[in-house]
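Report on one structure; see the data block that follows.
The chains carry the letters A, B, C, D, E and F, assigned in the order they are written, with residues numbered from 1 in each.
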Amino acid sequence: MRWLTSLLRLRRGALFDVWRGGQNYCTQSAEDSRPIGRYPTPYKKDLPYDIVELMEEVETKSGFLPNVFKLLSHRPAEFRAFFAYYDAIMNKETGRLSKSDRELIVVATSTANRCPYCVVAHSAVHRIYSKHTTLADQVTVNWELAELSQRELAMLKFAMAVAHAENITEEHFKELEEHGFDREDAWDIAMVSAFFAMSNRIAHFTDLRPNKEFYTMGRLPREKDKAEKS
Amino acid sequence: MRWLTSLLRLRRGALFDVWRGGQNYCTQSAEDSRPIGRYPTPYKKDLPYDIVELMEEVETKSGFLPNVFKLLSHRPAEFRAFFAYYDAIMNKETGRLSKSDRELIVVATSTANRCPYCVVAHSAVHRIYSKHTTLADQVTVNWELAELSQRELAMLKFAMAVAHAENITEEHFKELEEHGFDREDAWDIAMVSAFFAMSNRIAHFTDLRPNKEFYTMGRLPREKDKAEKS
Amino acid sequence: MRWLTSLLRLRRGALFDVWRGGQNYCTQSAEDSRPIGRYPTPYKKDLPYDIVELMEEVETKSGFLPNVFKLLSHRPAEFRAFFAYYDAIMNKETGRLSKSDRELIVVATSTANRCPYCVVAHSAVHRIYSKHTTLADQVTVNWELAELSQRELAMLKFAMAVAHAENITEEHFKELEEHGFDREDAWDIAMVSAFFAMSNRIAHFTDLRPNKEFYTMGRLPREKDKAEKS
Amino acid sequence: MRWLTSLLRLRRGALFDVWRGGQNYCTQSAEDSRPIGRYPTPYKKDLPYDIVELMEEVETKSGFLPNVFKLLSHRPAEFRAFFAYYDAIMNKETGRLSKSDRELIVVATSTANRCPYCVVAHSAVHRIYSKHTTLADQVTVNWELAELSQRELAMLKFAMAVAHAENITEEHFKELEEHGFDREDAWDIAMVSAFFAMSNRIAHFTDLRPNKEFYTMGRLPREKDKAEKS
Amino acid sequence: MRWLTSLLRLRRGALFDVWRGGQNYCTQSAEDSRPIGRYPTPYKKDLPYDIVELMEEVETKSGFLPNVFKLLSHRPAEFRAFFAYYDAIMNKETGRLSKSDRELIVVATSTANRCPYCVVAHSAVHRIYSKHTTLADQVTVNWELAELSQRELAMLKFAMAVAHAENITEEHFKELEEHGFDREDAWDIAMVSAFFAMSNRIAHFTDLRPNKEFYTMGRLPREKDKAEKS
Amino acid sequence: MRWLTSLLRLRRGALFDVWRGGQNYCTQSAEDSRPIGRYPTPYKKDLPYDIVELMEEVETKSGFLPNVFKLLSHRPAEFRAFFAYYDAIMNKETGRLSKSDRELIVVATSTANRCPYCVVAHSAVHRIYSKHTTLADQVTVNWELAELSQRELAMLKFAMAVAHAENITEEHFKELEEHGFDREDAWDIAMVSAFFAMSNRIAHFTDLRPNKEFYTMGRLPREKDKAEKS
């Protein structure tokens, strides 16, 4: 069953290479020695080949393996379905949402669900993509007061309405349109919010904890970025 | 990309044939003439072959095509991911959860999110699987007062905690164990709840409406069942 | 003390004969053998004559005796007061509220209070009066998304504000007026909501359970109705 | 239709004569000159005889006519039903609830619904019955911190659970039993709470305002009481 | 450390002499014999001189010593800081807020926090300052329905938004401006609300109880006021 | 009026010198060019001498002036009272609360109020005092799931109960005692929570924003700390 590997291979560069920026590499052994959640993580030798292949590729590219991969490998069929879905939503290459827009939606909605893994990991990814070192922290405390553009504010307002399982009306879509988001963009925003409504709950019942690397990733401007600015 | 079709083919009998019980067949043309949600439904001729194949198989077996298939066909990649995930969770053949247990979880948690499609459709499926004609209605009004066994009550209590994105503690798992659910069963319960946390929100932003057939499905005992009882 | 019997006699035809439609008759003995609530139901021979008379009339006309009659007969003085009040509100023959409007208000507001008896029983009565087989179910899941006219939506919005004990302002009345409800109609809507705020709580502390007949009443179009439509 | 008058005549002394204590008499004309709610109050000459008779009796005994009588006279049938029900519950002469117990329940539950008329009027009546000049005020701010006996605390805890439309379980009844309340007393407590769930909402939609007299009634010990104590 | 005494001396007349109106003097010894809160109250001989001096001055002028003084004397440094802050906010002599405006804010916001001491004590002070004998009671039950001017309503709406820790936007300030409050007045309103957000919580953890005198203070018009009106 | 300066001078080393760790110095002029809140910040030349003296001392020691000093200087009397109170609570040198305990309480309770300034600034101070680089971030997302000791968990549980203005009972104190906190420590915990209930609301109505320096302070171990560990 090679479909997931094939599917992800095409886009994984864009997906994971951002995770190399700024953090110290942790040794894999150190990571293995502490629990990352409530369920046992299988040994690689016991995992299906396609899952190992994906995990190794991610680890090689990112410098560490995000704990969500380890955790979900406990259920290979669900692992495949989760990451295929994730890929379809988060790496979709059409529409008006940038990758950092999507990460911002994840941070805001996961904060509403108080999800440690999702907030910490996706705040890190947002910092990398957006090169904005404090916006995710601001959104975590109070998204309505964060230094957002009107467009971002409208995007998060819609995402939060979906996250809270509110009735979504035509009024919601009109507000988005005023900021340049059409109905396909609305679908994209809402689907990220909906997918993480699920992810947050998975993280809660598995007690999934963020890798230490995420806390500091992207907090300091990279040398390259500094050089470019000057 | 035949993986989904292949995957589902194996189990689809168990999945969908229950939907034939008790309802009148609606003509497809009648269904097509009214909106089932906020997004346009593509013509079959414009859909990828694997999706058409799945939809036709479901329609043939069930007598009608549940609107969620039509709606999600607007996004083929997400259609595939959604149903592959659905299949992995709802048709999993190991563990202590019966199919009607899973449907009951869907009904209870979708009620918390006030999701018309999910409550109505899965109440129908629950009636078919459980042959209990009123339990889903009871759960929709007030799950804590429904005529549930202690085991079912513990199961729904856990599912609701996940649905509400509460912090899940060891105490939650112990309560489940007292009713015979081990940690793998807990995962199954929680994952159904988490998946429908997503589904409910998708139904909200797409304004997905239930097929008329669902309202009456399984309300009257089938002749065969009556005969068996006597 | 014949007042209640006299009062109700005039209108009872309109009140209860709808309950005969579509359900199977249950045997009274079967009903008697299971608990309908937390308090003991008196034997008929121990009840005051006016209460027995009313109960027998209702049972004869409806084909079964709704459990609320049995339950409240535990307190004859309150029985009389409750049904006199019920009659004054639910069978009032002036104003713009139809009987099915009133039942819809009961369903919506009783859902907010998660009252098994009131939602199930009055959903049945609504189906009978309105000949709409699914609207009560829709309102039970999510009244704001149900297939309601703008008039019905305004009516339920007001009823829900009363049910939630919100401050009712002139703005509320103006919204009703825009849909043709004057202040006397507003009183009628609000009083149904207020009365069932009480009824729902009575059902909760007595653990009142709906008769089985209510679940299926009015779900299938009656032969007569079918004939009329064709 | 003399039943209500007859019914009330027997008990009205106990009911209303407490309202004479401590307040200055207001002239009826002064009261008439200002609105007591949102609906018009009929002239006495236009009211049915039994309602006028009751109102005059109350006014004579109490020194003023509580506004709820004026307000509900707008709907004579509902007036009769309301006060008959009120009488059955609040003037019930069996069981362990004292009249001041019942008033305390009204104050606590009406505070939860933020009902100006009910809180102010029944705080006054509580002061009269209990001769405790500050307890109602304490309950209005925070019933859990008020100077209540353990018995009163258990009583209010149960009443509040009913007021909030919570599911009432056997556990609730056991807690009451520990403080000497049997199941009939539980019914009495709950019914007062349920009845005022209705009354509070009636007061909200009619914008019913308390008579000025209620604010000061019973705040100062009466000369007679002082004399008795010394 | 004489600063507090000096600071307060200038304004104390205005602050405390209102407390003399209408109440009976309680004997200090009676007060000392019952607990006013959860923490021990020091003997005067053990208190720093500046604190004793302030307490004696307050007691002399008011006729009794409000319990908050006794309670906070348990921590002299915090006593000084609390009353210096209180003085800066509540006795500020510039701006458009009257003293009774400030007391009304305290009553409304302390009610939201269900604080027995703050509601009862400041309702009394409000009655004294405003000479309105029932407005504080009305605000305690339901500030939105109280007999407030539009200006007072806007003031309380803003104060409540601050009390609930809502995000305060430019819209809030514009609403205030429409009723004549500029940004400095907004600061004054908000700061009273913020300060009592603290005070209410102090009263909660110390279980601070109001002096009996507060319940009746200012309820009856003083002879002088009556004379002036006639 | 030198008391505040005198008071703070004694302790300010302990208070502010932690703020020097890890951050880049911003130029004061850069800070001045952007708004830090909704109210105007006075020029130093217009400020009272004692306030300037304090601000300069803080800026010299910390390398930058936290925005709360600038903001509150708009109201000198309140500035003095606020910082005197702050000093009495946060720099109290007795009891079992460490400075990092107090900062953790601030982070947890300010998160409940969604206060950008308080969460960001005090997370930074917590990192400096505790040398734990991620705990404040964890508490901001979900304090109940953070890597806290049982003692810290009990401390935050109590602080949160105070922050939410819950009724504080003897049970709360017993739970604290089980983790070694006596009633004086309870006062300290609660007072920090209560003080920041006020501070959070001040930050909200003034729209106070954190200095940029706070976001990165203390995230990386200082060279000295690294050396000590090796």
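The working rule: a residue touches a chain if its C-beta (ideal position, glycine included) is under 8 Å from a C-beta of that chain, and two chains touch if they have at least 3 such contacts.
Being a predicted model, the structure only gives us computed values, none of them experimental.
J.: Please state, in steps, how far chain F lies from chain A along the shortest route of touching chains.
T.: 1
J.: With touch defined as above, tell me whether chain A and chain B contact each other through largely the same residue numbers, more than half shared, or through different ones.
T.: At the contact between chain A and chain B, which are copies of one sequence, the residues are largely the same (over half shared).
J.: For chain A and chain D, what's the span in angstrom between their mean Cα positions?
T.: Centres of chain A and chain D (C-alpha means) sit 58 Å apart.
J.: Quick one: chain B and chain D, Cα centre-to-centre, how many Å?
T.: 50
J.: Centroid from C-alpha atoms only, then distance chain B to chain C, rounded to Å. What do you get?
T.: The separation of the two C-alpha centroids amounts to 31 Å.
J.: Provide the list of chain E residues touching at least two other chains, using ranges where the numbers run on.
T.: Those would be 114-115, 142, 145, 167, 207.
J.: Quick one: label the inter-chain contact graph as line, ring, star, complete or other.
T.: If you draw each chain as a dot and join those that touch, the picture is no line, ring, star or complete graph.
J.: Provide the full list of chain pairs in touch.
T.: A-B, A-C, A-E, A-F, B-C, B-D, B-F, C-D, C-E, D-E, D-F, E-F
J.: Could you please specify the touching residues of chain F with respect to chain E in the complex?
T.: Chain F reaches chain E through residues 1, 3, 38-39, 74-75, 77-78, 80-82, 84-85, 88-89, 92, 113-115, 162-163, 165-168, 183, 186-187, 190-191, 193-195, 197-202, 204-207.
J.: Mind pulling up the chain E residues that touch chain A in the complex?
T.: Residue positions touching the partner: 167.
J.: Which residues of chain A touch chain F once you look at their complex with the stated criterion?
T.: That would be residues 111, 114-116, 119-120, 133-134, 137-138, 140-142, 145-146, 207, 212, 215-216, 219-220 of chain A.
J.: Using the touch definition up top, name the residues of chain F that touch chain B in the complex.
T.: 142, 144-145
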